[in-house]
Structure formats: C-alpha cells, structure tokens
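Per-chain residue numbering starts at 1, and chain names A, B, C and D are given in the order in which the chains are listed.
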C-alpha cells in the first residue's frame, strides 16, 4: 500500500503534498523543473470573473522568516483560465483545485459554476479572504454569517466538492470553521496569510504599494498549527494545512495538528524543487517514525490526549 | 535638547525604550548587566491579586524567528510586588509601568487601585489578553464591550494614567482600540503575543505543557507594524509599540508606523544588553537620518500620505 | 534551461565601497548565454533571510566554467553573501529572464552602453559580447562618487569609457545624460541599466532611437509564477496588459513598458 | 559575575556519533568556577534560531583561558553550532546557575558520579575538582550505545569508571542503576546528571543518602527573569513555591524539588 495515498472529498491523491494557490501560477513555470504529475494536486492561482491586473508594485517584501505579498489577485479571469490554463494542465495526471475569488457573492458564484465544470478541476477552494465590496471592504472570511452565506451559494452551483480557505485574521477561527461546515463545505484549507506590513526606513513609507500585505512563510507556522489544532477537533470535514512548510518535519507537525493534506506556498520561491523533494522525503520520514500510513497520524496531538 | 526625551501621559521618559512586561521580571536579573536608570521605563511582570505559580513546564518553545511562551502569569501577587519588588526598584531613577492582570474584573480593579499608589509606578498597563472566567475563558481583549467595561472600572480607581495592552488575536484591532479609548484609556500598548503552537515531532504532542502559547519575536513584527499603522490613524492617544524589536531600524519602523515609544521583549533573552545598546544607537541613527527629535517621525508613514 | 545548483565560490573581492565581485564555478555556467540575464541566489540555508536575491550576470567565462557577479552589500541578504568565502557553496537558480539582444548590431556599428551604480555590472558582459562581434562600444557610467565606482579599467579596455559622478569626485560632475550631451555621443543602439530616473531621462531624450533598458523590481519566485514583478505595457488603455520583469524582462525595448 | 562575550573557537571535534567537543577561549573563563554551571550560547547572529542554547561547562582550563563544552548536535541550533570552525566567534553568556557543591566531601571520602547520555559532560569538571581535593571518585556512565559513548578514557584517568549501554554494545547491558546494584558501589555523596527517569530512580533508591542532581528545562533568558524554567519545590502543599532552574539550579539537592 502506498503510505501517502489519501482520499478526500473529490480528491484521490497519490500523495498529500500540493503547491498552494498563488505560489505556483498555473503550473507552467514549475513544469520547467519537474513533471507536475508527481504532485498530489495543484491549487491554481485565484480566479476571478473578470481578468484583473492587481496592485501596483512593489508587491512583495521580506520579513523575518517570512514575506509579505499584495499581488491583488492578478489573474486572466474565468475565461482566460478556462481557455488557456486548465486545458494546458490536462496533459498532467494531477487533480486541480481551483481557487475562486471575488469581490461580491455573484462573482464567486459565477466563477464556481463554470470552473467546476472543467474536467480536471476536482475541487474548489473558496478564497474568502477577499474584501467584500458590499460590506465596505470587510473580508468575507471575517464574518461568520457572510462566509456561511457565500459557501452555501457556491455549494449550490458547484459540480465538485468545495473547500473553504479560512482567513487567520479573526478572533475566533473555530466559529468561522463551523459556520462554513454548517453551510455545506466539504473541507477546509487553512491558513491564508496574516495581515502585515513593513515600512522602508529610507523612505518612511510602506514598502508595499498596497501598504499592507499578507504574511506567509515559516514565521506564521505556529499560528497555522494552533488554528488547525483547534479547528480539527471541532469539525468533521478534512483540513488541507498550509503556512510556512519547508521541511518534511513541518508536514508531520501539520498532520499531528489535524491536517489531512498540506500545501506548500512561499517555499516554492525559495526552492523550486521543494514539492518533489518533500514527496520523496515524506515516506522516508514515515518509515523512520514507524508510521505505516500518513492518515494514521491525522490529529494525533489531540487524539493522544483522550487516551 | 535630548532628541530622545519624550512626554507621554504620566511618563516623562529620557528615552522611548523600555523592556516589555514579562521579559524582564522585576529588573533584578538585568541589573547585574547594567544600571536600570538608563532605561526609558520598565514594564514589570504582570501582577495579579493573588500570587500564582503559572503553568506546567515546558513553558517556552522556539519557532522560526520567534518563540512561544505560556508562563501562565506566574508572579508573587499584589502584596509580594508591593512589598518586595517595587521598593527595590526605587533605587533606580526610572518610571515603572505596572502590568495588571486578572481573571475577573474585580481582580484587575483591586490590583490597579493598590499598585497605582506605589510612588514609582507612573502608569498602569492593562493586560487584557487574559482569559475571563466569567465569559468561559474568552479573553477580555477580544470583545470590545468587555474591554471597554474593564478599562472604565480600572480608570475609576487608578491614581496614574492607564495604558491598555491590546491583544492582536482579533478580527478588528481598530474597533478594540477605539473601545478602550472611549472608556478613557490614556494610551495603548501593542501588541501582545499572537496565539500559536508547536508540536514535537518525536512525541506527537504539543511542546508546551499548556499546548498553545503566545508567539513573540521578529516573526510577529509585520503584524504589529500593521496594527499600529491602522490604529494610530484612528485614535488620539499615544501607542507604545512592541513585537520583535531587535535592531535600531526596527525602532524607527515602529515610530514611522505610529508608535510614540517602544518596548523590547524577547530580544532581552537573546542579548541581555539589548536595551542599553539600542539606547546608544538610536540617537546615532536619528542623526544619520537627519531627524532632530524622535517625536517628529511618529506616524510619518501615513502622515506623508496626506501631503 | 533554468536549473538550480550549489555553485562553488572561486573568489570574492571588495572592489569598491560596499561593492563585491563574486566569481562562482559550476555546471550552470553552461546554460548562461545572454548578457542582461540574471541569477536568483539563496544566500544561505536558514529561514531568514528567506527569499532569494536577483543579481545580474556580469561576466561569463565558459572556458573556466565561471560566472562573475558584482553586487552591493546593503541589506540582510547581500551582507550575508559578502561574508562567504572561497570554497563555500552558494545555491544559484538561473539563468533567468531575457537579456540584451545583440543581433541588431553588426561590425563597425556603434553601441552606447549607459550604466548607473549597481546597474553597471550586466553591461560588462554585454560589452564583451558586442566587442566580440566587432561592434564599437562606448560606455557612459554614472556613480555616486569615486569610492563607489568600479570596473573602469575593464570597460576602458573594451571601448571609450566616460564617467560621471554625482559629487564630481571622478569624471564629469553630474549625471550620465550630461556626459552624453557634453560628448555629443552618437550611436545606433542604446543599452542601459540603472536607476529609474536615469532610464526615464534616456527614454525621453532618445525616444526615436533604438534601445534596450533593464529594469529592477522586488521579486518572489524569479521565474514568472508569483506575479510580484509585473509592469504595465506602454500605451495600453485597458491597463490590464502586463509583462513579468523576471521572465519577460528584465530587459525591454525602450518604450515597451511603463516605467 | 555573569557576562557575555564573543569567545573564540579553539577546536571543535566530533567525539562520538553526533557528539561534539567544543573548546572556547576568552576572558569569560576567569569567571568560571563551579562544576555544573552552564553557559548560554548564541549559535549565530541571525534571527533564527532565535534563542540561546544552554550547555554545561565540561572542563575549565584557567591556565589556557579555555572552557570545553560537550554537546549533541540535534536540532537547528546545535547543528549550526557544529558547523562553526576554529577561529570563529561564538557569543557566550555565563557562567550561569549554581553548580555541584564540592565542599561537603574531603580527602579519602567517596563520591559517586552518575551520568546519562548528554548529562555526562558536567560530571567531568566535577570529577576533576573532586579529585584535586583528594576525594575518591567513582563514575557510572550510561549511554544508548557504544557509538554514542564518549570521554571514557578521560573519566577512567580520574577514577574507577563503569559503563552501561541500553543495547549492551559496551559495558553492562541496561541502566546505570543496574551497574550500581551489580557493583555494590558505596559512597558518601551522589552527584548525577541525565534523563529524568534516571534521576528519579536514583532519588528513590538513595533517598536516605546525600546527593545532588542537575536538571534540564527549556529556557528563555537563562538568568531568572522570564520564569520559563521553574520547578515546584518538593513537599509544598501550597504548590506555589518554586525554584528557577537557570538561576537557583540547575543543580539541586536530591529531594529538594519535584522531578
């Protein structure tokens, strides 16, 4: 038996390792480095209804053990993705998780409906960290009722399971998780980036043109682990964990916390071969830890408490 | 004119640099390394009404560019602090900011009332990140109404200005800041630690006995900067900034974001001489940047926008 | 092909105030062809500084299997790189981007190479390659001051070389554009790399000329995946067309993108 | 007095599987007196790994101004330390804590030193100092396996030395307590450092004897300010009394604190 093979709603994964949305484009660039078919899945860049240019530059800044980004959801739009990106990805034997974004409920619904029909899209990832124009820019993912409503409407139209990507910038992550589970989410992905900022000492101005940005990388791993630990004990849907994963030990930590699969974001920029490397190292690590199958250890950190 | 001298409610500071609460005990240990009179102020360890032993060990864990702690408010209690610690600190020419904690409103009020009478206590720092037993352990600092009420009651009894220490673990930090300003807070200190966790790969169990802990150190600096940037534009009370400060450039960054003074926490553990070093380097840095007085640059990152 | 490799430091020298010349050896040199391409360097294996640093290729020696980079040690990453010694390994990803095209010019034609500060390095390999084709190269190099100037001898060996410094401590006091004006330099094609104001001044002054400029931007991936480094295409009313600096650039035709 | 200093690495040797012997030189050695004290090491100057690492003093050479540490390279910090070379600087804070008291014993009396794994190092300086006083020292050292054992010759030079290994690859198969039992070792004072289960077994078995144990705990400050490293005082019904391992310990009288 393949110790890495796992089954999640809509997803039959040869291994639980996949690139995170926005850190891998639509796969073209990394396909120069390795065969994308070896990946567990691919979470493609957020797709919005209309194509978007995104924010002004600079769009990234470095921070201690992390980075900030404010790309601003630049993407070719639903039609662009359906016409140029998804068909190109069909050459690989890998399930696609389509990250869906928008600035109003209707956008999400429209994108979800269409993109979920693409043959290689096996699941949606609902990016609810986007500002909602209807509530004055407050992110969908910070108000349980708003997130619940959005999830429901997307579930209604999607032809594939829907994973909701939680924003960590909330007081009560469990409440958010339960709200979307309630609304029918098939799974969760967490965490998206923490809101952060850096100021340039020389200019006195924020480094990012957008001023604030999303913090990712190893710096945020303890926050992600804590949230997954809390949420996984309170929901009955699987979690794809992400935030700062760089080493195979980090993956084990995510599983122990309660994740059923993991995604790799920022680390792709540091090492373009990070995903294949981790896919190679994970079974070795499991053997070392005498774990027969990766799914055995999901939530072990809290399951061991009850014993 | 001393380019570092600043005036804040209750505090006349020879420089804007002070050790952060919980990272400096009551000063005794660091007094082996230097004369505490050179500090701008000292934020002493949280004081609760009763003495407390705190959490089981391990209480700290390392994270990428940061650390987690779950000390559990161990302290000698109000009487211990009044009898043994504050009098000992009187030998130094340095204002004390007393960090006040509790698990119910009455505790805070009692501690605030008594400790604010100590001659060298020039201000209180209300630690509202503590779990509130009356609301099932939800931190005072995560519900605006609860924080407002607590601040008001403490203000009523305190003989010195009250700074409220904001928890970053909230959806809307501006709302929290305004709530406590509304209730009469004289200043804000921010940020307290982010909730995080680490799991030991070898045991599969959380490293901290308390399971979750507070994340501090350079990793959290971008979050602190972002929050200070947002809050300082919306309130009319000064902010003492903290979170990951290690270099003199970090201090400048905090001031640009909107802080009027800064506190140094975790960095004391890395370098026991960090405060004196920064106090020495700050005027040199100001000269290099052609800044006459530190107070000129408070909030420059957003003030420069309006121009 | 783009690859990553642990290259070996052959030498590292301080050649001007805070400016280092780093020579690396490895198979990756085989992939390097175009002047103006860059590499993305991981200065060490820890979690901080996290990101790679983009540095231009300054000289390629296929015979020695070496590549030379010239960089300013300023922030965390480059300062750390400056501490590494001969024999150490450095992880290099590259070669990246599209460099300066040299096919437009032939024997006897004149190329004007204008560099400013830390934009000077890629012009050296460019000059070498143009000279090898028999193109006449004229260099106008701008620096802040004599302390920060470098590679003047090397450029002089390849062609006429003028220098401008902001403080007048070397060559003409002022900017590269002052020198070009003063010396009435004429040319068939302009190649430039340096600070934005310089590039803008050149684009404006030589709007009708053929030329190429190399841009800088903060980067994430360095290969076109993260969209950190985009710029608008010039004269695009939709404002939605873009180029990725790392994979479409860093060199663009003058007037091609908004700067 | 506690100070911090950039000490110079005189030598660094791999002396067993993953175990390094590091010798540092500097003025700070003048402050070092008690066996069982430790130093708090900043393995490098970057932000990660952030915290210092506590390592016991294994041998002090006042004449050479050197101190020797023996440590296991395991996590991020110690692995990084293991990469540093002679001539490199390491920032050391110390000496910290209270070590093993040696005044209780005089000439001809017998001290039993029991060490387990990476708890063995501080016993070496202790043994040296006891021997210098004319105390007879007997060592019982436990290791996982022969590959992880170290300093056996050095200890043997100072007194009778018994070894236990978990896998039986050296000395007695089993634990240090098995050896003490088997060899019917008698002593006036016990000194021990090693894993908690070992210390607990010793406390239980020798409850009526005089003895000292050295404890470990994750630390922040290392000097008593952060309260990361506290332990309960034994037989305290209020459960509020505590000792700080870093500044009150790491050495405690047997039975003094809850382990």
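Basically, contacts are C-beta pairs under 8 Å (C-beta built on N, C-alpha and C of every residue); 3 or more make two chains touch, one makes a residue touch a chain.
Here is each chain with its UniProt name: A, B = Dihydroorotate dehydrogenase; C, D = Dihydroorotate dehydrogenase B (NAD(+)), electron transfer subunit.
None of the values given here were measured: they were computed from a predicted structure.
J.: By the touch criterion stated at the start, how many steps lie between chain B and chain C on the shortest route?
T.: 1
J.: Name the chain pair with more contacting C-beta pairs, choosing from A-C and A-D.
T.: By number of C-beta pairs in contact, A-C is the larger.
J.: Could you please state the distance in Å, as a whole number, between where the Cα atoms of chain B are centred and where those of chain D are centred?
T.: The separation of the two C-alpha centroids amounts to 36 Å.
J.: Find the geometric centre of each of chain A and chain D from their Cα atoms only, then give the gap between the two centres in Å, rounded to an integer.
T.: Distance between chain centres, rounded to whole Å: 46 Å.
J.: Hey, how far is the Cα centre of chain C from the one of chain D, in Å?
T.: That gives a centre separation of 55 Å.
J.: Residues of chain B that touch two or more other chains: which are they?
T.: In chain B, 63-66, 217-218 touch at least two other chains.
J.: Residues of chain D touching 2+ other chains?
T.: Residues 47-48 of chain D each touch two or more of the other chains.
J.: When you draw the chains as points and link the ones that touch, which shape shows up: line, ring, star, complete, or other?
T.: Shape of the chain contacts: complete, all pairs touching.
J.: Note which residues of chain C are touching chain D in the complex, please.
T.: Listed in rising order, the residues are 46-48, 80.
J.: Write out the stretch or stretches of chain A touching chain C in their complex.
T.: Per the stated touch rule, the residues are 22-25, 28-30, 32-33, 45, 51-54, 57-67, 69, 71, 74, 207, 217-218, 246, 266, 268-273.
J.: Taking the complex as given, what residues does chain A use to touch chain D?
T.: Where chain A meets chain D, its residues are 64-65, 218.
J.: Which bits of chain B are touching chain A when the two form their complex?
T.: Within the complex, chain B contacts chain A at residues 63-66, 68, 142, 169-172, 194-199, 201, 204-206, 211-212, 215, 217-223, 225-226, 229, 244, 249, 252-253, 256-257, 289, 297, 300-301, 304.
J.: Of all residues in chain C, which touch chain A in the complex?
T.: Contact set of chain C toward chain A: 1-2, 4, 42, 47-52, 76-77, 93, 217-232, 239-240, 242, 247.
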